[in-house]
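Alright, structures below, take your time with them.
Next, two complexes with chain A in common: one pairs it with chain B, the other with chain C.
Then we have the complex of A and B:
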């Protein structure tokens, strides 16, 4: 029983981090129709940015550094779009895909070179200390509570922004029909930048929790984190926020299950996760909640 | 080595004085272009001083910029190549065969060339889908790995020789290729991209975790192949000249590359190539004229896997040591970058892109730490400046159409 509850908690924690990344992929795809492959790398710069702020301004304190990292990474997304990604907006999708992959390489290398001793893993402090409560013999740390809580809050805030604010209405308009939105007087570039800020800042929250959860930050963490986030978004159905959350929970659930049941589970974690991706896509080609668009000429 | 479609004959060719002038001009253009490319490759191979590397790159950029400015230059060179195909072919092959002699004893340079050629085979394979049919494939690294691993395992555990493992490895990879192609029946675009990513990651992780594949350490001591009693570890003696042992593999890889080019050309001009191009242009339209979309997609995956496996086998026996990290997701990404930077659906462009992007990191070794960073920046710069690739695909041309 204790084991089961512990695994359930692990599942929720992992699902919460994955969802924070997956939502960004989904949002960016929905609005820009671009797979921003370096999104994982953008998100995982957050722990380095936070520690960097702390090194530069030791007086600021950890909390300020975390907030600064989230905002800075949000702006970093906007800058990346401005410098590179927007040039591929009208290019074939494959070009944008490869360009963002290259962008991921650049980001990882920049972290490695700019951060002091960046090639080696660094420890990352726990954002919250201590045990919150015990349930059926399983201990739940404040960190996990915060992870799940922040994730839920972020999703709630995103929903509010997207469906209850003028900005959200514009974002949805651009996502549905760029030309019509433009005719209605919406500046698409502003919307793209806003989307990049929201997605990157959300990813940054996920990145900070990921580093805090494993207690480590490594310059190349973004690849796997990004792949898993992208997978979760696709499993749920790209461009669909609920889908991203459902996809994250399914993916995290299977990962946790694999680790708990398989003898060498940790080693086969990715194999299990990506096999799930394959199975879902074969039977539900547009993801669990996605609908296959009827192709029209 | 031209692959551009050309069955067209010039009306009024030969005889009159202007026509004869054009023949010699064409021959001159072809010879000059091939010499220039070979020379540039040589310079690029031997330069070591950072400043010189930058100068060579700058010269290439200026040349490209000029090509971009005035498309007639490119068209005229391409025209010369098409009219003098057999001459270009003979000269190209002769230059390729003579190349190791020019390099001489520098084994590192020959090694670089072998790797470039093997990567070219891989990118030509990938070009069938990415270029011809516009299907994303992030699993070429995996098929390459399956080719390498299956041949190495057969050689190490069952004592098969190189030549016997070739067809078996190719078969194994082709079956895998069909398997990746299966989900393409229903998935497209981003979703299909994820399917191939998933396959690539799964294969890499399995190779990394299984005991019988040697785990993360990989397989060591793959025996070198031999032909007619001549072991490939021996130096090669031709016409009284001695070439280092790497030259054996240079010629083997070159043979494979030529085979790949011929296959690519034949496929491009066949109904299959046409069907792939139709898929790229518009899948629904292709379906409406009776093209079996699913079959041709799966075929693209299978052909890719088949050729990639050959490259994998040669690589395994050349280096003698393979590990899962030679076949990661990043390798597939690099291959895709090479195809896109070189120019989709243009075999010559793809080969040039591959050579450039394979040699570039080696040349940037002087920057050691900044190598990958520069690589990423160069790729992004290329894609922004010339998004259609260095040498984009040309229009298909048919008999009698000028």
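Then we have the complex of A and C:
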């Protein structure tokens, strides 16, 4: 029983982090029609940015560094769009793919070179300390509570922005018909910037929790985190926010299950996860809830 | 209000519009006729700034070569080919975007809705419906309503009557005529030459990218050019 509850909690924690990355992939794809493969790398710069802020301004305190990292990574997304991704908006998908993959490599290498001792893993502090409560013998840490709580709040806020705000109405208009949106006086560049900020800042929250959950940060953590987030978005249906959340829970559920029941399951975590991605792509190319199949590149 | 001066465009290496000169003065209702592939939609897109001419000048509401995003705010209502409602937004949201496109603010939108309700009572019944689920006729009406709600002074429409039943077409043309009577400037792009020439004052005929006729509606109705292009 204790084991089962513990695994359920692990599942939710993992799902919460994955969803924070997956919604960004989905949102960016929906609006830009570009699969932004470096989104995971952008998100996972957040722990480095936070620690960098702390190194540069030790007086600022950890809380300020975290907030600063979220905002700075949001702007980083906007800048990356401006210098690179926007140039591939009407290019063949293959070019956009190569470009965003290359961008991810550039980001990882920059962290490695610019962060002190960047090739090595560094410890990353727990964002929240201590045990929140025990349930059926399983202990639930404040960190996990915060992860799940923040993720749910973020999803709620994103839903409000997308479906209840004038900005969200414009974001959706651009994603549904770019040319008509322009005829309706909407400047798509402003919308792309807003979308990049929202997606990257959301990803940063996921990146910070990821580092905090495993207790360390490494320059190449964005690869796996990004692949998992992207896969979750694909499983749920790209361009669909609910799909991204459902996809994250399904993917995290399978990973947790593999870890719990397979001997040496932790090693097979990713095998199982990406097998699921393959299965979904073969049988439901549009994803569980999606309508748009992943574009062939 | 709309002036094209010797405008040429090309798609890649292929020339499309060839030195097209077209003028719609304030308060005029002018129609643009032409068979499939003549370049009518290309002309619409050129007026809307979506296509840049390779030579010649486009002037909309006095503004030369305005960017697409700025056209509506010049007081221009646009009904593009195939209506192009935002399918995943509600009718109300589509109308709201149409209003803000021209007005650049939300203030007065409720009043705008009321006014639109007088022209299109049925549109008001469907405000919360997703635009993508409307019938073709309803979409046509909402597309016109979206272009009109911000009270533009100029209206440019690309085959708004396409796919409508005859009764709806008459209704549609009646509304356009009424708008014109109230002082709007209208450029009406149409295949339906008979209907268009009945309400327009002047007309242009486009064929393979060139203006082949340009006359009073009355004269065009009897013209052999129009007859040959459409009925031969």
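In the analysis below, the second predicted complex is superposed on the first by the 291 of 297 C-alpha atoms of A that agree within 3 Å, B and C clash if a C-alpha of one lies under 4 Å from a C-alpha of the other, contacts with A are read in each partner's own complex, and residues count from 1 in each chain.
As a convention for this text, a contact is a pair of C-beta atoms (placed from the backbone, for glycine too) under 8 Å apart; a residue touches a chain by one contact, two chains touch by 3 or more.
This one's a predicted model, so the numbers in the text were calculated from it and none came from an experiment.
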Touch check for A:192: first (chain B), second (chain C), both, or neither?
neither
* To do: Please indicate which partner A:84 is in contact with in the superposed arrangement: first for chain B, second for chain C, both, or neither.
  => first
Chain B versus chain C as contact partner of A:169, first or second or both or neither:
second
In this superposition, the partner of chain A with more touched residues, chain B or chain C, is B
Exercise for the section: Could you say whether A:179 touches chain B, chain C, both of them, or neither, answering first, second, both or neither? Expected result: second
With the two complexes superposed on chain A, say which partner A:219 touches: chain B (first), chain C (second), both, or neither. neither
| said: Quick check for you: in the superposed arrangement, does A:278 touch first (chain B), second (chain C), both or neither? | reply: first
Chain B and chain C footprints on chain A meet at residues none
Chain B partner, complex, touching residues on chain A are 29, 35, 84, 87-88, 91-95, 97-99, 101-106, 108-110, 113, 223, 227, 230-231, 234, 238, 264, 267-268, 270-271, 274-275, 277-278, 281-282, 285-287, 295-297
Note: in the complex, chain A contacts chain C through residues 166, 169-170, 172-173, 176-177, 179-187
Listed in rising order, the residues of chain B that touch chain A in the complex are 130, 134, 136, 182-183, 186-191, 193-195, 197-199, 201-202, 205-206, 208-209, 282-285, 329, 333, 336-337, 340, 369-370, 372-373, 375-377, 379-380, 383-384, 387
Interface with chain A, chain C side, in the complex: residues 48, 50, 68-73, 78, 80, 84, 86-89, 93, 96-98, 100-102, 104, 106
